[in-house]
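Below is one structure, written out as structure tokens, with a few remarks after it.
Order of writing sets the chain letters: A, B, C, D, E and F. Residues in each chain are counted from 1.
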Amino acid sequence: MGRILTFGEIMMRLQPVGYKRFFQADLYESCFGGGEANVAVSLTGFGEDAAFLTKLPENALGDACIAELKKRGVDTRFIIRGGGRLGLYFSEKGASQRPGRIIYDRKNSSINEISSNEIDFNALFSGVEWFHFSGITAALSQNVLDTLLALLKEAKKRRVTVSCDLNYRKKLWSKQKAGEVMSELIGYSDVLISNEEECKEVFGLEAQGSDIDAGVIDAAGYSALAEVLTDKFRNLKATAFTLRGSVSASVNRWAGVLTTAEGGFRSKEYLVGIVDRVGAGDSFTAGLIYSLINKMHPQYAVDFAAAASCLKHTVEGDFNIASKGEVESLMNGDASGRVQR
Amino acid sequence: MGRILTFGEIMMRLQPVGYKRFFQADLYESCFGGGEANVAVSLTGFGEDAAFLTKLPENALGDACIAELKKRGVDTRFIIRGGGRLGLYFSEKGASQRPGRIIYDRKNSSINEISSNEIDFNALFSGVEWFHFSGITAALSQNVLDTLLALLKEAKKRRVTVSCDLNYRKKLWSKQKAGEVMSELIGYSDVLISNEEECKEVFGLEAQGSDIDAGVIDAAGYSALAEVLTDKFRNLKATAFTLRGSVSASVNRWAGVLTTAEGGFRSKEYLVGIVDRVGAGDSFTAGLIYSLINKMHPQYAVDFAAAASCLKHTVEGDFNIASKGEVESLMNGDASGRVQR
Amino acid sequence: MGRILTFGEIMMRLQPVGYKRFFQADLYESCFGGGEANVAVSLTGFGEDAAFLTKLPENALGDACIAELKKRGVDTRFIIRGGGRLGLYFSEKGASQRPGRIIYDRKNSSINEISSNEIDFNALFSGVEWFHFSGITAALSQNVLDTLLALLKEAKKRRVTVSCDLNYRKKLWSKQKAGEVMSELIGYSDVLISNEEECKEVFGLEAQGSDIDAGVIDAAGYSALAEVLTDKFRNLKATAFTLRGSVSASVNRWAGVLTTAEGGFRSKEYLVGIVDRVGAGDSFTAGLIYSLINKMHPQYAVDFAAAASCLKHTVEGDFNIASKGEVESLMNGDASGRVQR
Amino acid sequence: MGRILTFGEIMMRLQPVGYKRFFQADLYESCFGGGEANVAVSLTGFGEDAAFLTKLPENALGDACIAELKKRGVDTRFIIRGGGRLGLYFSEKGASQRPGRIIYDRKNSSINEISSNEIDFNALFSGVEWFHFSGITAALSQNVLDTLLALLKEAKKRRVTVSCDLNYRKKLWSKQKAGEVMSELIGYSDVLISNEEECKEVFGLEAQGSDIDAGVIDAAGYSALAEVLTDKFRNLKATAFTLRGSVSASVNRWAGVLTTAEGGFRSKEYLVGIVDRVGAGDSFTAGLIYSLINKMHPQYAVDFAAAASCLKHTVEGDFNIASKGEVESLMNGDASGRVQR
Amino acid sequence: MGRILTFGEIMMRLQPVGYKRFFQADLYESCFGGGEANVAVSLTGFGEDAAFLTKLPENALGDACIAELKKRGVDTRFIIRGGGRLGLYFSEKGASQRPGRIIYDRKNSSINEISSNEIDFNALFSGVEWFHFSGITAALSQNVLDTLLALLKEAKKRRVTVSCDLNYRKKLWSKQKAGEVMSELIGYSDVLISNEEECKEVFGLEAQGSDIDAGVIDAAGYSALAEVLTDKFRNLKATAFTLRGSVSASVNRWAGVLTTAEGGFRSKEYLVGIVDRVGAGDSFTAGLIYSLINKMHPQYAVDFAAAASCLKHTVEGDFNIASKGEVESLMNGDASGRVQR
Amino acid sequence: MGRILTFGEIMMRLQPVGYKRFFQADLYESCFGGGEANVAVSLTGFGEDAAFLTKLPENALGDACIAELKKRGVDTRFIIRGGGRLGLYFSEKGASQRPGRIIYDRKNSSINEISSNEIDFNALFSGVEWFHFSGITAALSQNVLDTLLALLKEAKKRRVTVSCDLNYRKKLWSKQKAGEVMSELIGYSDVLISNEEECKEVFGLEAQGSDIDAGVIDAAGYSALAEVLTDKFRNLKATAFTLRGSVSASVNRWAGVLTTAEGGFRSKEYLVGIVDRVGAGDSFTAGLIYSLINKMHPQYAVDFAAAASCLKHTVEGDFNIASKGEVESLMNGDASGRVQR
């Protein structure tokens, strides 16, 4: 077992209590989260040694954010302090036919002032076996992208396994720009995690037979899609998709597929009642990384990743709370939710 | 586009937090609501200019009530201050097989001391194109009924379109009394909104094939019912029904039908997970008024009204929070509840 | 109608607010509960006269516990004060595929220092017609078991009807020990309440065709099981089972069966959305006792018991809040959850 | 030691959480309270046997109110059910220079429909040694006053000691009417509790040297005042005053004086930081009754009463929570507030 | 009586519940506030007609902000929508010796993208008699300053009275820059509101005999200071100072002085227990504007302003809630905080 | 600068929200705390490297406790997992004349099953310069005392500085037993922290001129007391006392004295409005250790310790949140509590 490093932005999330809409809210629950931070936190929950790299402002909000990561056992020694502000996002919980809403307020946050000059690569990569990033990080700003590229080059130099979550956000950049940049970045990656919608938006590729808005998941087309991607990015050793069928804002279908040299593998499909769906994809990624870095069979990997992210839907906040034992219990078939005394 | 006037009572609602029953509650969420006020609020949410007429006590609770209406953009200039007390209702949220419960405490509230002498009809009706009231208002007291009749006569004199929500409440008056009075009042109306149960109770008319308690909705019989009503009240230009199928206190089926000279139109049926169902009928009415005053097609009208009220079930409080765009997005088919970033 | 006495432990329950997990909680809702206390509380809710015997520490937490029982109308005059501490349990609410979790912290609680010398049997049993206990009480400690045996002997001497809820808790004792002790205790009992899983664990007996974890209930095998039990324990006049099908932590199927000399009777099956499932079995027991002590027909008894416990799933806390009228309304078919105004 | 009976109204109190004003509140803490109910609750806290007579509506709010009294150990068997509604009052907590505000909404509450025909005087007065009422009760309505007179006559007939808290509320009746009625009622009383302001308003009598609004208390004039009252009402055996010096809404000076045949006695003066001052006078009265019914020395009585009511200022809700031991500890000098471990 | 216009930024404020520090917070209370918005809100509370000009983003947070202003009766018709984000500030409540802390996050907020081209000056100034701004607004950005200058020129052209609150914030600009710009802006002003500390920082002027950190206020030096200012800015017709003596984070001394052609006037000094001190200065300013626009005597003006702002310290949020009657009651001497029933 | 090790119990604390008493509570705030853990947390807040040794159960509550320590930057690697349960304490917040109350429920907690065999002394003491413990730890059980003695011997062997907080708890052991055991343990100590009351109870020594219950602090007698102690325990290099004057449960006087070879030093005295006084003494100790390990002057040390603990009174929870800068700002004289923007 070795060390995993993730790099990206972590934000404060502000969400009206219960089902209150922004218009009527006067009480907000706060937590911290961001794609790559969520992955690191999930991994420490499985017993892995994970570090998170970012830049946070030198104020009490930055302190609180780091403390929360420490609480989760994430190695925060490499977090750079400085820059103007903590990125924020406001989240309004959806219910039934009313969709959740997110208002990002992350512009000019500290990470956008990061520079690779601030990083001691030797210390940072000491003992690291896996590096993870997502398309969100790539989209933040040129500074962040430059730093990401420097990290990827260093990772490759050191034969560190690299995983990339495509994670396309249309508010951050255009499809075209995303396609260009992500193509370059996936060139450094061994594992790609994505979903059908993103693949279509970024690369114009789509799986057949699924209709997300109608709550229907058909895994059929995903193998073909994985094949096309692997053709396009020859360096990829594994390609995984999360399959979300949005029955409503309160109920989703959820499953994962994983394609490796050993073939295509598909998890059970879960019908999940949603407590908090933010970070579900990141939990999937973490489950996958955990399985792969520990040389588990691809079927175990996709089952573990899907079960971990299924559980995330039932946990408040961006960060998952699910032990290896809890995940395995679910993937092994106990989805009854019976009280554990 | 013109101005809409509604008249009725607005109450403070007190509801135990979460699923607590009255017996165990020591913390109550408060909001304000009442049929015609809810309609006015929904209409301003769609961008309409709406005024609400009522009478409220000259104390801090009355002030707070008016402030909340102002917050929603409702014209409160015509609200009369005085009288003894603010009407209240206590609401216990239901769950699954346990029904919600409402204890009304509205007797002797200020509106019951209203008199048409307190109203400047010229100022009140200036620019008004539509007047709306419900059967609840008619049932409150003789003072309120007298004022309502004066308003209806004034409305007719000024060729203002009038809509009536039958809204029968058995605790307020007998079926027989309701039948007599409402028959007279519907005589002033152009549009009638009701549901099957009320029609049966007040007029002894019923649609075939529905069984509300069993969660079954069959729109079949409603066209015939609308026809019978139009025969009975020749002045009616449009008749609408909300169709609720109560699967449980937590899940309802919900749809609407609208019959006009152009024929019968039916909305999609929604299976809604309920956050707060109070005011759903009023949201339907508001959607209908919005559509009709803006000369939309009846199919649009019933679709818009049903989608608006579907969303209301997911919003805390009596007042809907749903923009025109949100309603149209749902009526046009996106019921997936996917997060809007 | 007569008086019912129950004996057992009552604990403080501490549960993170909402769906928070222990790991992230900093706010706990507290209430009091315990099998036999829950039964007594339910019974007073149906208008019965019920007393609860236990031992509680002489401090403010013990005072608060007794006050809560008084609030529910339970006769607390026989509660013994003293001993070291109030038993506690920490409860984490489950959601969807994530099971609820309970951490017991009841060791060395005051009841374990009870002795039959502290009890005035004449006063305690004055007017008592029914005595109820559960397997949990038997498992607590030798002191409690000795006291329980003394109570059972006294009950038999006084021709008091005795009911026993098998309620096996593997954390408290081994299957073997439970089998031995419970066999003795059931020897004093007229009515046995259990579920399939417990019967299997304690007596190695099981019903055919049910699969709890899969959310499937098949009542078929329960009649046979009841027969076997009645063969084994000749003194039993009635045997009841609760049937839980755990669809998820949020949704359960729920029904009951009752076998008496008059034959086998089965309740309707409910699909319940869970607000709080703790104490559901105790509510069933209370419904059964209420029906049997009032000489209702077995079909009424099992219907009443199942409906009462169905409602319990929708009520926060260990204690049910459901009047006789509410239970009868549900058992008579109104499961629509429509608002009662 | 014997039984104490009190008679009056109990209301639900609704208070915005924290220091929120009505204008901005959307969350209300609820509790129950009313002068004579508060007295009964305090007395059970001191170990006395106390019953409370009132009339409450036959609904879930009435049930909850009775349950809360039961929780406090008050005998509720004589409470009459029926009538239209539960009385309410809305309370806004003051702070520093901003005064607290109360909006009463008690008109037409159930107690106003009470009749002495509904009362079984023999059962009610069985074992009763002391009867307590206040001027608020007298002011509610003719029905209540008639009932009160019937109770007073019965009390006198049975040689029950009677105490009266003058408790003048200008919103309920005029000074003149209060003066007339209370003069008659005090004629039935053995003990009178009042404060300077009320005596002035109702009887035109005032103590010298105090200035409530300036936060100054001078006990000097109270002996003379007591003398004048005893001259006016020859039946009075004891006269007590609470002395409040309002430094601000957050800090008050508080003391009591008691005049009996043995002379004038004065308590220590407390400077209290206020958590909740509602019911402080009732706690004083309860402390006095407790002391006098147990034949304590007048100095003990006024000390106990003042200390009990001092503690009430630190307890949330209308009802005091203060054991005899806690009160004695304070009256004996430990006002340091040091943590009791 | 006429209309008052204020111009500036309004932000969302996020404050940990209770006394929680940022480091430990996971629940934030939100409200909206900003110097000139607070002034407008206070003025409508006194019955004045006030409009607020700002620029807010076209999203749900901007909507909620405007709705809150509407709730308070502020004319929001001139608010410009657009720009990137809503300004925020995080506020940690102080207690005793621990100071409160504020982290501003207002950079790049929408108002900084304002341009006078977006303003219809004729509509905006129609009926306006008074224009108010503060030094904070001047310091935000060149865009805002340009717009402010345009507004001041328009105001002067229309003979609108202008008031300026010096309000120096060192995090926004240097003392030197503030001195230069504010000197120009005060040149357009008729009334200046400030405090000693600011005068010293911006203009190097200070009053004698006060020591804010020591909780000591000495009004002596303020008359001289006012004279110096009037010498420097000949156009000033009135100069007011708020005098804060910070005893601790929980208790402050508070008073005001006003110097006009009629001489120097000083308010009573209040010792205030603090619920929320943000916006106290703005409440003072609003009280002053209210008094002066209504031609009250300077003594009334400074008394009213000081009493209004004293009350603000007891009200949660940036916005004051204090009616004219409440303020006059306090300034006329009733600071006892006695409950108003 | 070097590493500090502390050893003791950490418990979960459960405190009713706000000023609710146990009797009326149904919502508890939870946090973790215990003397030596509090010291370690404070030290990391000052930038020190601190480890905490204890034993915690292998369940989710133990996990949460460790996570909270990690959040605060405490080294938790040496915490032993196992044993029966997490120690608890219930805390009721006092107000004004009503004292706070604590109900301990710590018997049979995991630490009582600790054994020195479970400890790797070499790893544990690697780099350690200071070891701290308190009398509470010594009193827990023989197992804990044995382990403590082993640690002290190891510390002495390694020339680690040892500090002891006398911290006498009468519920844990008798004065006599405490006197015997603590005398032995102080024999291993270089620094003793205590207060007057404890010294009197444990050693029969007392300072002159103070009266805690009366809120009076007189530092006069403490020098003499320190001298007596140093005579008794020749190994002591420094003796410190915290001086608490309990004005009420809401307001305390607070100061510290320190006696070293350089003489006696006394801090400023603070009048603190209390948010949460638990852990104040531990914050003092931490401030002292921080100062002494960093070779600060004794006057700095006592000033820093007193200011740190003054701030603790304003912070919710057992753990202090106060940076070195905040403490120095207060000790250097800024006690004004003015908002830091």
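Rule of thumb we're sticking to: contacts are C-beta pairs under 8 Å (C-beta built on N, C-alpha and C of every residue); 3 or more make two chains touch, one makes a residue touch a chain.
Remember, predicted model here, so these are calculated numbers, not experimental data.
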(message) Measuring between Cα centroids, which chain is at the maximum distance from chain D?
(response) A
(message) So, comparing C-alpha centroids, which chain is the farthest one from chain C?
(response) E
(request) List the centre-to-centre spacing of chain A and chain C in whole Å, with centres computed as mean CA coordinates. (result) 44
(request) Can you check how far apart chain C and chain E are, centre to centre, with Cα atoms defining each centre and the answer in Å? (result) 62
(message) Can you list every residue of chain C that touches 2 or more other chains, as numbers and ranges?
(response) 21, 23-24, 26, 67, 101
(request) Under the touch definition given earlier, write down the residues of chain F that touch chain E in their complex. (result) 270, 272-275, 310-311, 313-317, 321-322, 326, 330, 333-341
(request) Within their complex, state which residues of chain F touch chain A. (result) 67-68, 70-73
(request) Could you pull out which chain B residues touch chain C in their complex? (result) 18-21, 23-24, 94-102, 104, 169-171, 212-215, 246-251, 277
(request) Enumerate the contact residues on chain A facing chain E in the complex. (result) 14, 17, 21-31, 59-61, 63-64, 67, 84-86, 88, 90, 92, 101, 103, 105, 107-108
